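One chain, chain A, appears in both complexes that follow, with chain B as partner in the first and chain C in the second.
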Partner chain A sequence: MANELQPVHRTPNPLQSKQWSDTFRRIAKYSVQRLVVLFITVVIGLYITVLIANQGGYVDQIRKAQIRESVGQMMAVNPEVQRLTQSQIIDIQQREIALEEERLGLHLPFALRSVMYLQQAITLNLGNAEYMTSDSGSRRVRNIILERLAPTLVLFLTANLILFGSAILIALFLSRRYGSFLDRAVVALTPTSAAPSWFYGMFLILLFSALWRMMPFGGMVAAPPPSGIHYYFSVAKHLVLPIAAIFLGAIFQSVYSWRTFFLIYSSEDYVEMAKAKGMTSSMIERRYVLKPTLPTIITSFALTLIYAWQGQIILETVFNWPGLGRLLYQAIGFNDIPIVVGSTVIFAYLLAITVFLLDIIYALVDPRVKVGNGGARA
Partner chain B sequence: MNYFRARFNAISQYPSAIFGTSIILFLIIVAIYALVTIPRSEAIRLWRGGDEIWAESPRYAVPKWVNILPGVNLPVTQVLSTVTTPEYKTVSDFTSGIAESRVEIPFDFTANAFPKEVSIFAQGVSDRSRPYVSITWITPDGREIFLLDGTVGSNESYRLRTNRTLIRRLGNVNPEVGLLAKPGSVDIPLKGTYTLVVDGLLFEEESSFDVKLVVYGQAHGLAGTDHRRRDLSVALLYGTPIALAFGFLAAVGTTITTMMIAAIGVWFGGWIDGLIQRVTEVNLILPVLPLLIMVGTFYSRNIWVMLGILILLGIFSAGIKTYRAMFLPIKESPYIEAARGYGASSYRIVFLYMIPRVIPVLVPSFVLLIPSYVFLEATLALLGLGDPVLPTWGKVLSDAYSDGALFKGYYYWVLQPAGLLMLTGLGFAMLGFALDRIFNPRLRGL
Partner chain C sequence: MLKSKTLLVFLAVVLVVAVPLTSFAQERMGAWVDDVVLVQESDPSTVIMKLLAGEIDSHATSMADPAAWEQIQQSPILDYSIVYGGSRELTFNPVGPVFPTTDKLNPFNVPRIREAMNWMIDRQYIVDEIMNGFAIPGVVPVPANHIDYSRHASVIRELELEYAYNPEQGSAVVQEEMVKLGATLVNGKWHYNNEPVVLIGVIRNDDERLEMGDYFSNILEDLGFTVDRQYKNMSEANPIWIFGDPADGAWHFYTGGWGSSVINRDSSVRPEQMYTTRLMSFSPLWLAYTPDPRLDELAQRLYNNDYQDMAERAQLWEELLPLTLQDSVRIWVTDSLEYIPRRTEMQVVSDLAAGIGGSQLWPYTLRRIGEVGGSVTLGLQQLLDGPWNPVGGSNSVYDQAAIRGTADRGIMYDPYTGLVHPQRIERAELYATKGLPISKSHDWITLEFVDSINVPGDAWAEWDAAEQRFITVAEKYPEGVTSWTKSVVYYPEELFETTWHDGSQFSIADILLFMILGSFDRAQEASSIYDASAISAYNSLMSYFKGVRIVSENPLVIETYVDSYALDAELAVNSWYPVGNLGTGPWHTLGLGIRAEAAKEVAFSRAKATEIDSEYLGMAYGPTVSILAKHLGEAAATGFIPYEKFLSQYISAEEIASRWSNLQAWYGSKGHFWVASGPLYLERAYPVEKQIHLRRYENYIDPAAKWDRFGVPMFAEAEIEGSTRVSIGAAAEYDVVITFNDQPYLVSDMDVVRYLVISSTGEIVVGGEATPEEDGLWTITLSADDTSKLNVGASTIEVIVTPKAIAIPTFVSMQVIATR
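The block that comes next holds the complex of A and B.
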């Protein structure tokens, strides 16, 4: 234990490489543990989703409708069938449907069926959409959803990285100038974060698109999409307003909470000591303020990101961004049940992945995991 | 009591708290006013009723108060009817199987802009032979413009916009422009007294007809109208109590249950605590909004059902961890030890000794939660999952959004509900942040 408590990478040390591999092993172990826990959590979440969706027998209906459709199609293209009488056709159709239903397990009790649906939900194997198609023409729920994943991730990641980075920088800056006009202005503006990002989005559209005609009203690229490098410029231009909306919706609140946090930590005795030693303020910030606060910052960032996913759904709707949120909105409009269920499933996955990635980063910075004298996080 | 008086004094020293409180009080007064003057059934009728309610309002009219602004002089809706003013109508004696009835409806027009539309409604009473009318429009400078003629059934409406021949005769401009423009112009209206003349022939002794002229204004009602001619003030007014009730109930429902569960978990410890922790961890990564959307799509969009689901999903929220951290030291404190010593029941300790200790900490977060739920209602409405019958702010926004109000330039339609939402958010947030500083002394210096 003794050598483990030594500073990890301050001075060259023959034990260093061993410690590094130790740290790596611990982080890997921790990550695997978290992955298992999160996967179980996702499964429970998806099971709840399946239960909600099937309470009214909706999933069953989807299956049965699909079976009927495929059997009907099969009969329609079969020349043998055309020659039979109407009652014979209906007879064969009924038999085929019954067979197919049995093959797919629709005759099983609900407890068993729900497990089957759960497995299909986990693999996003949700069959065909009722009305909607993907841009490439597919009607598979999985294809439709995966096609929308990339735009959502582009918007979400860019916006939240910008938000996170600038919030920390501004918070550090303000905590150094505690009590200044700027600092008080940010504190006074904190209540504006009560409004969600789509709300700011509407105002941004009103100002920049409707009144001043500087920015597009929505969408991801200009129509028709330009080719080559101009495509990316066009996407970048369409990204500006949604990102600005996400930024405005959360920036003051995050700056406020982190600034408060930094202030509490900068009044610790060891920071005073460092100041007395004559260290530069940037060194103090890096070594004595940021380092101990980092795990907490990451935890709160995780929570922010989880809420950000909810905001994303509606923001995409307001900005016509062709992502998952807009897909969900359209699916509600069409009452396309497989897509609604599928979107819920993919959002559950995205939340879990967000939490998992942050857990790994957490493990990298949390001394309890890194040095190994504590258990899993509380 | 002294405790609360001291707190109250502290609150009154924060200007933001006073400002926030006055906004909240204003909203509560509006909500009470709305509930008293518009009963629920009346609100639903006004919002969802048919033609008979909306016939006299224009589409896409801006609020009336716009006319207060300098340089703005938009026409307001004028409804002139022989039913309410019988003096407009003169009827001759019935001789040799025929009688003449003449209606002259004068109206003043003083606005700088054209009306939205002009429509004439007529109700004829007859047994077999319908009255025959010929309608003429007389401008202030004496020009007579023939509008239309025909027989009058029991319920006729002539929307001049749809009268192709009239539009052609006016030189291919919309009737409301052609009839009211200065001669030789298409963008300046002629001010003065116009007269609508209806010359009618009655073929039966008991026969009669009534005429109503509606000159739809560009400004209408306290809050303007939407694409279905509905008066937005109904939704904005009635939306206030709904928004406040939704926000308040959701915040109460989640914070109180969350706190109780955290207290129970801390007090009993062991597997109960563990179970609560695990459930919270699962619940934390459940996609709340998609689940709400699923419930809205599959079961019910009733606002109170949604509220219930929201509370259910919000019970095991991140708050449990915060409250748990607060309860842990309380559990070990001497007065709890003493209570245990004299044999107080677990129920008594949890609900009477532990929970009251954290209520001051709860108050600010509770106040801060309210606006986020008010906005959540608007979010759901924007997704098309608003309550199917009740008018709410969110539904106004949703209608405006789906009708492309911003693109078409109907800014009042978006700005009014958005402004009310923002006012609510600001009021509660300002009070909440002030309370946070008062009840959490650690933050007071910061």
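The block that comes next holds the complex of A and C.
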């Protein structure tokens, strides 16, 4: 009987319960504060974008001048105008100018419109573009951006993931072989990353497309686009050179910086201690090198993901790739403010969310980090 | 023996049967090629690489990149077409002589100083060193590819000589006028009110005008001015020069440029637009112009066609042109040239002003030489810039290049002369009131001058959108009305045998709907698709439109009465074929657009789309295609006819059923609503990939060879033959040998061969027309009187060859030594 097993009833530990409650309150409070701060930052950033994109209202003058020039051209090339009286001509000019100015909202003061732009941006009501349309002809800024998002992500996400993964693995490998021939070769090749990826792109096109005719010159797919599964094969083929260009343009610098970073951690006292204890190098790498560097790796990875969505203007131009970089460039050229603001607002929100999530993830992966006041800080 | 006889008989039978069959099989209809793929490629060097690699067969947009040009020259597998582009000029701020807001001196207020700038700039240097040879010097406001240049070649050439590079003369004028203005030259720098005279140049930095602006700035600095060079792109420059008040003194000169995408047969707009206040009156700069009253009057008279005949018109031009140079609110510098590269095995018509993409004939003539069928890839600088709809859709030149591939038309623009030829129409008549300076060049049109033209009472004068009917002339003008011209177009009976790409038979309703929708309905508030942005064009039309009458429905004959005309009778014809500047479409696809816009789900125009917050209608691709698809189901179910009250008179129940059924099948197969009637149809547009796939329309009724005669522009090659010495006071004769592709140029293909004799002092002493002797040979006869006007020394005989078949004249000159 004495040995009879009794169910164990754990009595709640009031101290532990209070700790959980405190932790939850602290995290909630921190989260709210952090979100508010991030939101204010986003709002300020967006309003600055609105002001810059409009050149403080000067874009209105540019547009008014453009409207007048195009109306003038329209009148000049229209032989029907030749039969009109001077007052009829002026009447048509004034009407066309007024209609276009009203369409673009230029009859409203800029200060008011800047607030309207901001309000639309904050509420993610991206509205309609003023001049441009999406590739498929939609005026909605949302459609314009979304349409270019897929090709952008396909290219830049793929390239950046390959680049990121390769750089980390090669860097880890080299950090274990500090001073080896390979290590020295990578260090020697690092300055090649000074050249931008589009520069490598041009070389690759010259070699693989123009000279050896092995790869397409650019574009997203063969002409005319094949159907079914062949379409995806064609896209994959067209991805090879731009991905290679992005990879070549950044790999050595990336490997070099990660390698240096890992080397610093590899020379810490606790790593030396682990080595002295006879731990295997892979165990040391996993426990004492990778683990403390994880927040940095995750931050870099997260930022890689969100920066990928911005595209690259020149690389896209060199490879004739329908990406967001070129879209934004065209929008700036056209002074199409809703697209510029729309593109920025999505990036701003993505960045803010990423920063917020990173704060949480840091606390999860690194015991030294604690969110909110009262915790130890790394 | 028997066997061989049998064999011979068999072979004979085979030949008899097979030869006609073969020739029948060779009668290719529609386009020469089976597939055309348009791809986007904007970078000139990549274009060349792709051409060399065979990835594209021809480019369709013009380029001016010197490095790419070099590659074309060096490659045996690349060829090119030349395109005459826009003009470059220097615009001056005419306010002053002192700016009221800044009290600074503006020397360009003085016409003589502006005029002197013509002597200061070396246009040939700009052509050779800045434009890399892709331009020709331009002195007058009429570019060399305008017909008016040929018409007034003598006076223009005289002005070109008078205003040729002469820095000493220009500098002397500037010196004289600056002193008159009260400026002083201190240490080589002009000063006014003890301050250096600073000239602000707004220099465009987005093309070769950057170097041109720097070149001009250097000249001004050499003259003693201090130049503030402000480099700006179009967006930055426009608010300053076109929108800003020139009295603010924010600029003194601007490097201007003007485009031209058609072969202009009447340049009268140029003086009116460039030197008077009227046509650009919305701009403070133009309002500051104070042209000489005679220049102002001449410009207006030319613009308003206020002259009795071409001889009077020529007089007006010849008086006006020197005045434009004396005024010189802008001085003309160069007329640009560009090129379109292609592989040598490719043949395609390229418009002299608009290139391949801008030519209406490209889909009819594109082919690999000697090959029938196959696929051709064309590159374009941009593609799919905006939604396609023929009423208010994308007017991008790149989109229009593709749209032209799908469209048929009533009349076809000549890519080399700017005249037109019948395409779907058979012939035309033009009646004009006596005194109008109209002439004709082609035989498919007759021209008759009459005392007056009464518009018949049953002609349609105006559309009533509320009642959905045409208001007749009798209703609108109870007292009767006359018009300046009446054009009558005759369609062949085969018109109604042609089909739209979805298989629907062409009908008169297609013409009527396009007429109502394109010209009348949308500008009226009572319309269900009222669009304020259509009012201006409508008002403009109604200012000269008097009436239209369907004389016969089959064969179709249409009379049009208007108070307007063109100098060429051919250009005064209105065919009413359902195609406009933005595309084409049958009544049923356009009817879907009308339904969708009436439901406020889409809008034909961008302005209306903004107003009702809808999508902008695209019929070829994009989000509005599904909206149209929804309406297709409803329209097919209810037998919908747009403007039913009116059009139901012209559309049978069978036509309604077949149209909607054809369109449903088309949409099911192609997934879009771009239904046209040209030699190529839209297989599919790939908006993100920036590609367009066009395919040959097999039921097109014209033979592929119909427009082959336009394969190569007939540029004349000329040579002057004769003695290089001429005795003053003795008669002399020179032969002008004119060829095309080493064959004699036909006299019947030649408009005129003019000659000028320029003495050693640079003066034109004799001018006239050469006499045709035989095909390829013209003679210049200089009488003893003519040669007696020469001075001893080197004189020049200049010949201007103006063919009928091409708008670009050929210039050739020969130096002769005049001796006593």
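One rule holds in what follows: the second predicted complex is superposed on the first by the 197 of 378 C-alpha atoms of A that agree within 3 Å, B and C clash if a C-alpha of one lies under 4 Å from a C-alpha of the other, contacts with A are read in each partner's own complex, and residues count from 1 in each chain.
By our rule, a residue touches a chain if its C-beta (ideal position, glycine included) is under 8 Å from a C-beta of that chain, and two chains touch if they have at least 3 such contacts.
All figures in this text were calculated on a predicted structure; none of them were measured in a lab.
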Touched partner set for A:343, first chain B, second chain C, both or neither: first
Partner chain(s) touched by A:44 [first = chain B, second = chain C, both, neither]: first
Touching partner for A:108 - first (chain B), second (chain C), both, neither: neither
Which superposed partner A:357 touches (first chain B, second chain C, both, neither): neither
Chain B versus chain C as contact partner of A:210, first or second or both or neither: both
Partner chain(s) touched by A:151 [first = chain B, second = chain C, both, neither]: second
Which of chain B and chain C A:136 touches, first, second, both or neither: second
Which superposed partner A:219 touches (first chain B, second chain C, both, neither): second
Touched partner set for A:236, first chain B, second chain C, both or neither: neither
Doubly contacted residues of chain A, that is, touched by chain B and again by chain C: 58, 205-206, 209-210, 217, 317-318, 333, 335
Residues on chain C engaged by chain A in the complex (per definition of touch): 35, 37, 39-43, 46, 49-50, 52-53, 55, 234-236, 238-239, 242-243, 266, 268-269, 273, 278-283, 303-305, 377, 384-388, 532-533, 535-536, 539-541, 543-544, 563-564, 566, 606-607, 609-611, 613, 615-616, 618, 621-624, 683-684, 686-691, 693
Footprint of chain A on chain B - complex, ascending: 16, 281-282, 284-291, 293-299, 318, 368, 371-372, 375, 378-379, 382-385, 397, 401, 406-407, 409, 411, 414-415, 418, 421-422, 425-426, 428-430, 432-433, 442-443, 446
Complex interface listing, chain A residues touching chain B: 37-38, 41-42, 44-45, 48-49, 52-53, 55-56, 58, 178, 188, 190-196, 198-199, 202-203, 205-206, 209-210, 217, 260, 263-264, 303, 306, 309-310, 313-314, 317-318, 328-329, 332-333, 335, 337, 340-341, 343-344, 347-348, 351-352, 355
Touch list for chain A against partner chain C, complex: 58, 61-62, 64-66, 68-69, 71-72, 75-84, 86, 88-97, 99-100, 103, 128, 133-140, 143, 147-148, 150-151, 205-206, 209-210, 213, 216-221, 223-225, 317-318, 320, 322, 333, 335
